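Same chain, two partners: chain A is paired with chain B first, then with chain C.
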Partner chain A sequence: MFHREAGVFKTTYGADMALYPLPIAKWTVVALAALFVVIIPLAVHEYYLSILNLIFIAIVGALGLNILVGYTGQISIGHGAFMSVGAYTAANLAVRLGLPFWITLPAGGLMAALIGVIVGMPSLRIKGLYLAIATLAGQLIIEWTINHVPAISGGAQASIEVPRPSLFGISLNTQGHLYFFLLFFAVLAIVATLNLVRSRIGRAFVAVRDQDIAAEIIGINIYRYKLLAFAISSFYAGVCGVLYTYYFGIANYEQFQLIVSIDYLAMIIIGGLGSVLGSIFGAIFVTLLPIAIRIFMEDVGSLFFTQGEMANVISGLRLGVFGGLIIFFLIVEPEGLNRLWRNIRSYFRVWPFSY
Partner chain B sequence: MTRFVRSWLGVAATTATLAFGGGQAFAQAKELVFGLQCDRTGPTANVGTVLCPGYQDYIALVNSKGGVEGYKIKVLEIDNEYKVPPAMEAHERFKKEGAVLEGLYGTPQTAALNKKLEEDKILGTSPGFGTASAADGKRFPYTFPIAASYWSQAGAAVEFAKEKMGTLKGKKIAYLFYDNPAGKEPLVILEDLAKAEGFELRTFAVPAPGLEMGAQILDITGRYKPDFIITHLFGRAPSVSIKELKGKGFPLSKVVAFVWGSAESDIIAAGGMGVAEGYSTMQFAGVGKDFPVLKDIEAMYKAQGKPAPKEMDSTVYYNRGVLVAALHVEAVRNAIKAKGGAAPTSEDVKKGMEAIKGFTLGGFVPPLELTPADHEGGGWVQIWTVKGGKLVKVKDWFQGNRPAIEKQLAADASKS
Partner chain C sequence: MSEDLQFLLALVLSGASIGLMYSLIALGFVLVYKATDAINFAQGEFVMLAGMIVVTVLGLEGAPLIAAIVVVLLAMIGFGFGLERVVLRPLLGRPVVAVIMATIGVAAMLRGLGPITLGIETRALPLPIGDEPIVLGPASLPPIQILGAVVAIVFFIAFSWFFKKSRMGVAMRAVADNQQVAQAMGINVERYFAFAWAMAGVVSALGGIVWGSMLGVDVQLALVGLKVFPVVILGGLDSIGGALVGGLIIGIVESLAAGYLDPYVGGGTKDFAPYVLMILVLMIRPYGIFGRRQIERV
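Coming up: the complex of A and B.
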């Protein structure tokens, strides 16, 4: 990631496909692990951990959506609803049956995968914008169902409080505890996705995205793989919803409305479709940018505006700058932040001899 | 120094502060930090852009008079855009800056923060948001609705209808509501009261975003023909309901709206005050400009050589912002007094909030009484009706059908 690789030649397919392209990459990963597991939790204030926690959850959701939209080319705007399926499944299991998180979490993911396959069925017949509308219908139906079926939603408020997750008898109730909890699942999601996309399944997804007729001709069962993409993507979404539920201590479908699906689409488009690193960049960008703009404006804006004006200026400016930056980045590099990062890297790879 | 140089210095300063852990705790001696969540850009911006300036202005007024018991107040406002993750980030930021209390904004946001507030022992106020059962201070020790919940509003609406018609026996009441949890919440109270009072209740749900309700209104006015309508809508939906009811010729004097359908802007958007003659609204803060506290804010602006802000004209939401700020300040005042002038902690402020009683600000605040058990303060509302082009108070502070609400609260507490 951060290293230079002069004089390295790969002579086998195995070497080319390896997770670590170079021996030094292993050390990069070790350094990153040390940074996230030891240095950050010790050195950083709880407030920043809370931001990282939100980013970790967003990474899981963005990875899931990227598998579907970026790798398989199936547009979905029902991602938020799949999160709510996971959230309510886990909440009901945790409250009614008193199950611990290591059961409710995969259960929430599996239930979301099941619903995802059902909502994804139209993808077998339609593509593109038509599919987007079909998944939009899925989003609205799921929202309506949760709102109107007390057996799922637990009453008129449609929210179920869940106890904090506990591990070895310790209740994970501070941002620091939850940091490790969420970091674990974010890393798990990243590693799983990295492996998924270089496997047979991942390559089939890419083939379906690039040209589904050609994919069918070379022997890929596109029905199976399209539904599999929906299932895996929804599984991630469901897990993301469960993580939100444990993080906030409540499952509430109003947290997972249409706007959330759009936010996650924005993440993967900004970050880069069809790339794991892009999903991470997108999740970081969308979560962090509003906060960064606000903190910046709180310090700088007070030079130009009074306290009363500031509140309106920050809110308006944040929207404006956020939208402007999205347009700017997409004009500079339509393939997203991931491509931008690769361009910068390849520039420095040969620096200072650019030819 | 030119502005350009100054701005670059600002950038450098920001970088430096970020590098050293982002904005040092500016809670020095004799300054208290209040956190305020707001929605100035999200789906409820029509409320937030007026309510939050009201809050800021009242705090500025208190500061201009020397602060509360010698302490200046610094308000840290964060726009959560009515989204849940930013609300959690905002709470953590408030905690980092040492906020002694925070104003919450939004029902899902309140739900998501209930637990965190309790763990961090910082009180949050949720006037008009959140669940009705949060009135129970034993179940939600750090959540303070401080204003009439939807249950209390339902009780008050039925009482008002009864007053208008003499008796409810055999009458038909339509309940037109926004189809979300907040909209459905009052149903239990309405159903209980329908049984007790002997009226017939039929519900009409309006799906989000509530801009299209022609079918429901036609069903109400054409087929059901109720004797009274209670509406509970949000955002742009209230003005649509006024317009549609008026269009179908239903007398607006037989309509009462819950608190989020009760602003001047809702009525003006429906075609103006003249059109909505007779439309009744429910309020948890005083309406209009005829209050000493608002005169003081105007005087404060005048002393600075500025005109009063235009938000003050939208008195319903502006006054609610002032009310929330006033209750926050009062809680802190109680806390400082209880500690003999020492800086209060967030737990002292909670005790101060639970000691608020007989604080009316010249009729601006209801005669609420907050106790460790009752964080709603009694569920007081006023009814204001459009008469001759403006909102006129027709019913002073009252608690409608209190026993029915208390019964539900007890039932809800025993369930959990």
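Coming up: the complex of A and C.
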């Protein structure tokens, strides 16, 4: 990540696809691991840990959506709903059957994958704009169903309180405990995605995205891979929903409305479509931006708005800035923050002897 | 007439008038798709913006309704032109998905910044047509629904004429059919793209007035836009007549679902039935009732 190479010396496909492009990359990973496992939890205040926790959860969801949109070239405006499927599955299992998180978490993911495949089914016959509309319908129908079926939603206000996950007999109550819990899943998701996209499946996804007809001709079963992309992507989304549920201690459909789907689309567009690092950048950016806006508005906005209006102004400003950034990045830099990062890196690769 | 039949007729009539109001908004969507092949996910937000402009102008001292209507028409035309120039034109030739995401971005922006600049609280948009329900056979409809339906029908006739007969309309159809050939025939494609967005702005301005008057103007008004998708999928994305028929069907289905199913499931089927119908249509006949049978499939 931070290393510099003097040129491209790769002579085999194996070297080109390796997880660590250079031996030094392993040391970067070790350094990052030390930073996140040892230094940050010891040195950082609880409030900042809670922000990091939200970022970890967002990374899982953004990676999932990026597999579908960035790598496979399908679109989904229903990822918020897939998250809610995972969240309510896990919440029901945890509360009614008392199952621990290592069962509810994959169960939530698998349920979301199943629903995702069903919603993604139209992608077999139609593409692009029709698919966008179909997933939008999926989002609205799932939202409605959860809200109107007490058996799923737990009745009052469609929310279920969930006990915190416990590990080795310790209930993960504090932000510090949850930090390690969520860090583990974020790293797992990152490694899994890195390996997925350099495998046969990942390259098939990219082929479907770039030229679907050509992909079919070279023997990729498009239907299977499109559905697989939907399944994997919504599995991530489901896991992300479960993590939200455990993090907040409550499953509530209001956390997973259409606006969340748009947030996640914003993440991967701002971060960079079709890139793991981009998903991480996007998750960080989109999680931090509302906090920055809130701090800014509390200082500056009080000159223009009363205290009562402030909440509305902040949420409106947040949505407006997201929208503006989506448009900006689509037009100006379709590869997102990841591209900017690569530009910076390649600038420093030959620095200070640029010529 | 038996009581059941009267109930049914009342539901159908009220559904039909609401449905025509849906088709008015769907018309804006179809105009853009027909001419530019772009899916506009911000149609509901256009309507919201128009409604907000109207109530803001009406809120000024002594501004008559007619002034507000003129202002909103001009503003929405300008908005349509500007949007095309700033957002859509740089995306020409990019994948469909990019345009979809850009309009989602526009939607988020309008929904976020509109209320901040034009007023957050719900405001009424009074039209001088009274509140006395008009009795129409077994149904009694609020006058605003009648007005909305009438406006929708007038617009449909006008646009059908425009696309069939006028020089500009024919040019727009040519652009929609094949951009390169149209350009070779000397049609300024980009200019007609801009016209299409401006026309969507005009339709949304009218939609904003009638819907704003019925529901009140605030950010929730944008949710009307979500009903556009079932309407246009059912009718066919590029068919003006399809928007009319689709709107009627969706309105009636919604009204029947609310009338007959709500007592059993505890309400809310109104927001549910149109999408189920839409999914079915997508599975069986994705190009809709009147749409071009040209579905890209792989």
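Throughout what follows, the second predicted complex is superposed on the first by the 313 of 355 C-alpha atoms of A that agree within 3 Å, B and C clash if a C-alpha of one lies under 4 Å from a C-alpha of the other, contacts with A are read in each partner's own complex, and residues count from 1 in each chain.
Just so we're on the same page, a residue touches a chain if its C-beta (ideal position, glycine included) is under 8 Å from a C-beta of that chain, and two chains touch if they have at least 3 such contacts.
Here the structure is a predicted model, which is why all the values come from computation and not from measurement.
In the superposition on chain A, contact of A:Gln255 is made with chain B only, not with chain C. Once the two complexes are laid over each other on the shared chain, residue contacts for A:Gly323 go to chain C alone; chain B is not touched.
Of the two partner chains, chain B is the only one that A:Glu161 touches; chain C does not reach it. After overlaying the two complexes on the shared chain, residue contacts for A:Asn312 are found with chain B and with chain C alike. In the superposition on chain A, A:Ile141 makes contact with chain C only, while chain B stays out of contact range. Of the two partner chains placed by superposition, A:Leu35 touches none, neither chain B nor chain C. Once both structures are placed on chain A, chain A residues 147, 312, 315-316, 318-319 are touched by chain B and, in the other complex, by chain C. Taken in their complex, chain C has these residues touching chain A: 39, 41, 87, 90-91, 94-98, 100-102, 104-116, 120, 226, 229-230, 233, 237, 265-266, 268, 271-272, 275-276, 278-279, 282-283, 286, 295-298.
Interface residues of chain A facing chain B in the complex, by the touch rule stated above, are 45-48, 50-51, 54, 57-58, 147, 156-159, 161, 164, 173-175, 244, 247-250, 252, 254-255, 259, 287, 290-291, 294-296, 298-300, 303, 307-308, 311-312, 314-316, 318-319. Those residues of chain A whose C-beta lies close enough to touch chain C in the complex are 69, 73, 75, 77, 121-122, 125-130, 132-134, 136-138, 140-141, 144, 147-148, 212-213, 216, 222, 262, 265-266, 269, 309, 312-313, 315-327, 330-331, 334.
Interface residues of chain B, counted against chain A in their complex, comprise 6-7, 10-11, 13-14, 17-18, 21-23, 38, 40-41, 49, 52-53, 56-57, 60, 75, 77-79, 83-86, 88-89, 92-93, 95-96, 107-108, 111-116, 119, 131, 179-181, 184-185, 187-188, 309.
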